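The structures come next, written out as C-alpha cells.
What follows is chain A paired twice: with chain B in the first complex and chain C in the second.
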Partner chain A sequence: MTRRALAATAPTARPGSRAGERCYPYATVLPVMLVVALFTVYPLIYCVHLSLHENVLTRPLDHDFVGLQNFREVITGYYFWRSLCSTALFASMAVLAVTLYGLGTALLLNQAVLGSALLKVVVLLPWAIPAVISGIIWRWIFDGDYGVLNGLLLVTGVVRRYVPWMSHTVTARLCMVVAHVWKQGPLAAVFLLAALQVIPPELHDAAHIDGAGRWDGFRFVTLPYLKATLALVLIYETIVAIATFDLVYVMTGGGPADATAIIGWYAYTEIFRFLNLGHGAALAIILGVALLGLVLVYLRALGSEET
Partner chain B sequence: MARGGSSRLEPALLNLACLGVALFILAPFAWMLVSSLAGEAELTRRPPVFVPSPPTLANYAFIFTGQLPRDPARHGIFVWQTSHEVRLLLPALRNSFIVALSVMAANVVFGALAAYSFARVDFHGRRSAYAFILTSRLMPAVAVAIPFYAIVQRLELLDTYRALILVYLAFTFPFTIYFLSVYFRYLPAEVEEAALLDGCTRFQTLLRVVAPCAAPGLVAAAAFAFMTAYNEFLFALLLTQTIAAQTMPVLLAAVATNPAVSHALLAACVILALIPPGLLALALRGYLTRGLVASVAR
Partner chain C sequence: MPNMMRTRWLPVLMLALSLLAAGAPTPARGQGGSVTLNLVSWSYGVEIVRDNIGKFQQRYPGVTVNYNDFSWATYHDAMVARFVSKTPTDVLYSSDHWLQEWAAAGWIVPVDEQFPQVRQYLTEYSPFVREALTYKGRIYGTPYYADTFIFVYNTDHLQQAGLATPPATLEELTRQAETIKAKGIAEFPIVLGWGQQDPFSIESFTSLVFAQRNGSLFDKDLTPTFKAPGSAAEKVVTWAADALGSRKVLSPTSLQAANVDQIRALQSGAASFGIIPSYSLAVLNDPGQTQLAGKFKIGLMPGESHATVGFIRFYAISSQVPRRGKEAMTAAWSFVDYFGGKTDGEYRVTKRWSLEKGLGFAQTALFADKDIRAAFGKWADVDMLQKQAQLARAKEGMTPYYGTWDVFSRAELHKAYLGQQKPAETLGNMAKKWEELKAKAK
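Take a look at the complex of A and B:
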C-alpha cells in the first residue's frame, strides 16, 4: 500500500530552493525516528541477548552464555504447552465469536431501520474504553457471590442457587470470551460495515429479481464482497486474542487451575513472579516471531485486497 | 425495501435485533451506573437490589472528599475502610490526563510534521524511513517489556510521566504517521503547489494550507493517540511504582484485584474513569469510524 502511494505523490515534491528547505524534511522526520528507534532497535538486541544468557534475578551473579538453553527449557516445559493449549482454545473461541458477532452487528447497522441508527450511536463505546475496565465490569457481572448475572438468573428462576462462573475452567473461559467479544466486536463490526457499504445495491436488486431469497442473496452477493475484509478481521482478531493480557490480569489472574493462563500471561509470570528474565525473553521471542508471522500474513492479505 | 408479504414484520424483527445488541453493549455500563448509586449492602444481597432506592451519591462523595457515609449500615463501613485506595482515583486520573494529553499534543505536532514530509516532500531515505517506522509497530508488547524497563531505568525515568510519554509516543507515532500521510495524500496537491509558488516554505504551507483542510484527520489522529495513552495498562504497570505517576488503569486494576474491595465504590470509580473515552467515542463517532476504516481499508 505504501509503495504505490509514495510513487504516486513524487511529482508534487519540488527541489528545495533554500538550505532551510533542504533540511526541512530531515528535521521533521528525525524526532519521530529517534523515539521509534530508541524503542525498537535497542529492545530487540537486548531481548535476544537476554534470551541467550542465564538471567535469573534470584541468582544475580550468574550471567553465563547458555546458547539456546533458555529456548529448550521453555519449549520442553510443562506450563508452556498448557499455556499454548489455553491460548489456542481461547483464541479460536474468541476469534470465531468476535467475527460472527461483528458480522451480525455490521449487517444490522447496514439496515435502514430506526434501531440501526440507535445502535450506530453506541456501538463504539466498548471499543473506546480501557480493556482493564471492561475486565473489571465483566468480572463483577459474573461474580459467583454477588454477581448480577446470578441475581438475574435467580430472579427469573433459571438457577436455584448462585453459580460460581469464574471458578470452573470451562465457564471461566467462556466468561473471558464474552468480555473479549463485547470489547473487540465493535471494531470488527465497523470494518465489516465499511465493506458492506461498498456493495452496489443493484446487485441485491438483480439477485432479488432473479428470485434469490434472503439467504441466497447473502451467500452469493454479500459474502463474496466481504471475503477479503473477513480474512483481515480473522487475522487481526487472532493477533489481538493471542496477545490478550489486560483482561486476564483483572478478570482471572490466569486461573482457575491455569485455564485462562494464555501465553502473554505466562510470559508475564515467568518474568515477574519467577524472575527468570532469560526464560521470559525466550518466550517473548517465540511469541514475537509467531505474531510477526501472522502480521505478515495480514499484510499480504491487505495487499491482495487492494489490487 | 418492501419485499413481498413479510415486509411489515421484518423491520420490527430487525429493530428488535438492533435493540438486543444495543442492550448487550449498554447493559454492563448501566449495571455499573446502578451499582455506583447503591449501597454496598444492597449489592451484596442475593439477589441484589436492582434499583437502589433512593439512589445515593455517597460513593462519589467519598471518592471526591473522603466524606464517610451518613448511613453506615447501608454502605458497609467495614469494606470502605479496606477500600481506601479509591481515594487515589483523582490523582491517578490527573496522571492519566497529563500523560495522554502530552502524547496527543506531540502526536499532532511531530506526527503531522513527519507525516507531511513523508507524503509530499522528496528526500533521501524517505522510503526506508517510512518502512522502518511502520514495521516498528509489529513488535508485540510483551516481547519488549523487559528491554523497555531497562531503557527507562537507565535513563533514570522510572515512575515519571516522561517515561510513559516516551513509550506511548513510540507506540502511537507509527499509526499517526501512517494515518496522516495517507490522509495528506488524498488532499488536492494543486493548492499546496500554488502556495509554494507564492513563496511559502513547506512549513508555512503545512500550517496555513494543509492543516485547515486536514482538520478532520488531525482530530481523529489526536483522539486515537489520546485513547491509546489513556487506556494502556501493561507498560504503565511496569514503569510506575507510586501514585506520583501511576495512571488510572493501574490504580483501578489494583483496586479491583483487592478481594475486600467495596463494589459500590469500585463501580463509582469505573463510571468516573469511563467519562473521558466515553464522551470522545460519542462526540467524535463519525471521525473515529472513518479513521478506523481508512486505517485498514485504504
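Take a look at the complex of A and C:
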C-alpha cells in the first residue's frame, strides 16, 4: 500500500479533536498526580515550612521564621536523647524478636504437616488486625489487676500474686515488644516462608547424602537462600519499629515515667499535647532523615551481599 | 470520533465532579431546623446526653444538634486535631485544665461578650468555679458539672484491721495501710489513678498537695513554690515513692491506672483507700456494680489542712460559631444556657446529672435541694461531702501553658515514684520546665 493510499484510508480528524487527543493522556494522569501532590508532596513541603517557623498553637499570631531553631531546641531538649535511647532499645529488641519469630514460624509452616494450610491463615491473622485493636488486646492481657496473663500464671503457680507488668520500666518495655512481635511477626513469617518454598529440595537431599545434619542443612543451604529476604525483613521491620506510635498510644502512653516514650510518641506529644507544631515537624523530619539513612545503609549492605 | 472523545472525557469529568462534591462543606443548616450545631463531648452518660439533646431540640425547634463523643483520656488530643483541621465544632465540653490553652489558641470564645446574661449565674457558683471559668476577666461557658476530689476508704477493711477512724494525715495513712497489709486484708491497700494518660492524675496529685500544711504549688506571681525544700509537694512525692517502693502499700498499678481502674480495684476489694472525684463514689456504692456497695465512705483529704482540688468541666462555644453569624451564635448560647444554666427557673440538666449520675454541681444552693440530698444520701454522707467541698480550691497555675506542664510533670513524677530520681530532682525539673514555658509565653 502506498503512502498516498494509507493517507486516504486514515480517518480524517479535525484539528480540535487532534489537540484533544494530545491532551487526553495528560488529563487522565493529572488527577493522580494531583492526588499524589496533595497527599505526599504538599505535606512534606508544609512540614519543612512548619519546622522553619515558630508554630506554637497557643500563640497563633507568632509565626516568625526561626531557621533551624526548632531543630536546635528539639535536639538539645530534655526528652530527645532519652527518647532516642528508648527507640534504639525498643527497635533492636523488636527487630531481633520479629525476625526470629518470623524465621521460626516460617520453618515450622514449611513442614508438610496436616492442617498446615489452615495454620498459615491463622498465623497471618494478627497482622490483619489493626494496630490499635491489637494494642488494646495486649493491654488487657498484661493488665495488673485483671489481665489474663496474670490469671494464667497464678493458676499455674508461676506467680504468687498479680504482677503489674506495665508499671515497671523493664517489663513495660518487654510488653511492648511482645505486642509488636505478635502484630508484625506474621508478615515476616510470610516473607520468609515464600523464600523457603523456592529452595530446591534436591539441595537438601544432596547435603543429607553428604552427611549434613539438620543444623548444617539450615546453615549451609537454607540460610544463604534466605539472605536477601532476611535483609528485606530487617529493613522493613526496622522502619516499622522506629516509627511505632500506635502501640505506645494505646498501651502505655509513654510510661511508666518515660520508659516507652519512643521518638514517634515524642513527636506526637510535641504536637498534640505541647501544641508545638514547629518542634513536632522538626522531629518528624529528623525521624524521616534517620530512617532514610538507615534504609540506605541496609540497601548498601544488601547490594554488597548480592554482588 | 468526536463521540469517542466525549466518551473518554466523561469519566474524567465525572471524577472531577465527584471530587468537588466530596469536598463540599457540610451544610450549616439542618433538615429539621434552621441552624445545625455540632456538639462534641467525651464519652460519659451518652444516653443521657442524647436524651437531653432531644429535649433541647423540642424547646428550640429551629436548632438541630449533631453529636460526636471521644474517650476522656484522648479527648484533649482529639479536640486539638479537630480545631487545627477546622472540623465543624460548635459547642463542646471543656475542662479548667484546658480553658486558658484553648482560649489563647483562639479555639473557644468568651460567652459573656455577646451574652452578658451568663454573668447572672456567677453569684450562685462556688468561688473555685468562678475562678476556673474565667480567663482574662471573661467567662467562657456554663458548668457541665463541678466536683471535688475526695478521699475514700473501705469501712469493712478498717474494721477488720481494728482501725476506728480513717487516716487524718499522710503518715497515718501509711500506718493504717501497713496494718491492713500486715493482716492480709489487702496486698496493696492504697490505689490511685496516677496513670499518665488520665488527665485526672494531676488533679489527684494536687489534691494531696493542697491537703498538706502550706499546700500550694505556685505563688501569686506564678512562681513555683513546690521546688522549695520541705514543700508540700516534696512531702507528697516522698510519701508516694516510699509507699510504692519501700513500704509497698501503694499499688504499682496506680502508675498505669485511670480513674476507672482505681474504681475497679476498690470495688473488687483489692484496695482499701483511694482518691477519686466525688461522683465516682456513687459508682463505688452502687449495689448493681459491686457486692461492696455501701462500704465506701468519705474521709477528709489526708493532711493538715484537708483542702482539696475543686474542678469544673463546662460547656464552651467554639470560635467557629461567630464566623457562622448571629443566628448560629444565638443557637449556641441557647444550647450552653439550656445545658448549664437555668430553664424555667431551675438548673434542669445540672440537676438531672446529679440525680442520675451523682455528678457534683457548681451551684452551692443545690446542696440544700431536697431531691439531690435524698439521691446523694444513697451513696454518700452529704454533710461530709459538703464539708470537703467547702475546703476545695481551684487548681493553681492556670495558664495557657498549664496543659503542657501537666503532661511533662506526669512523666517526671513517675520517675520519682519509681525511685529513678530523687523527689527534689523531679520537682526541680518540673520547676525548670514551668519557668521555661513562662518565659516563652511572655
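Everything below uses one rule, namely that the second predicted complex is superposed on the first by the 262 of 307 C-alpha atoms of A that agree within 3 Å, B and C clash if a C-alpha of one lies under 4 Å from a C-alpha of the other, contacts with A are read in each partner's own complex, and residues count from 1 in each chain.
The criterion applied here is as follows: a contact is a pair of C-beta atoms (placed from the backbone, for glycine too) under 8 Å apart; a residue touches a chain by one contact, two chains touch by 3 or more.
A quick note: this is a predicted structure, and the numbers were derived from the prediction, not measured.
When both complexes are overlaid on chain A, the residue A:I209 reaches neither chain B nor chain C. Of the two partner chains placed by the overlay, neither chain B nor chain C lies in contact with A:V170.
Set against each other, chain B and chain C differ in how many residues of chain A they touch, and the higher count belongs to B. Within the superposed three-chain model, A:L124 lies in touch with chain B and out of touch with chain C [touch as defined at top]. Of the two partner chains placed by the overlay, only chain C lies in contact with A:L275; chain B stays clear of it. Applying the stated contact rule after C-alpha superposition, one finds that A:P31 touches each of chain B and chain C. In the overlay built on the shared chain, the residue A:A19 is in contact with neither chain B nor chain C.
Of the two partner chains placed around the shared chain by superposition, chain C is the only one that A:L57 touches, whereas chain B remains out of contact. By the document's definition of touching, of the two partners only chain B reaches A:V295; chain C does not. Under the contact criterion defined above, the residues of chain A that touch both chain B in one complex and chain C in the other are 13-14, 20-21, 24, 28, 31, 145-146, 253.
Chain A makes touch with chain B in their complex at residues 1-3, 5-6, 8-10, 12-16, 18, 20-21, 24-26, 28-29, 31-33, 35-40, 42-44, 46-47, 50, 104-105, 108, 111-116, 118-141, 145-146, 148, 150-152, 154-155, 162, 182, 186-187, 190-191, 194-195, 208, 229, 232, 236, 243, 245-246, 249-250, 253, 264, 267-268, 271, 277, 280-281, 284-285, 287-288, 291-292, 295, 302, 305. Listed in rising order, the residues of chain C touching chain A in the complex are 1-2, 5, 8-9, 12, 15-16, 19, 76-77, 80-81, 84, 101, 104-106, 187, 195-197, 251-257, 261, 264-265, 268, 270, 400-401, 403-404, 407-408, 410-412, 414-415, 418, 420, 429, 433, 440-441. Residues of chain B touching chain A in their complex: 1, 3, 11, 14-19, 21-22, 24-26, 28-29, 31-32, 35, 43-44, 46-48, 50, 110-111, 113-114, 116-123, 126-127, 129-134, 136, 138-148, 150-151, 166-167, 169-170, 173-174, 177-178, 181-182, 185, 189, 192-193, 196, 201-203, 227, 230-234, 248-249, 252-253, 256-257, 263, 266-267, 270, 273-274, 277-278, 280-282, 285, 288-289, 292-293, 296-298.
The touching residues of chain A, when paired with chain C in their complex, are 11, 13-14, 17, 20-21, 24, 27-28, 31, 56-60, 78, 143-146, 161, 164, 166-169, 252-258, 261, 269, 272-275.
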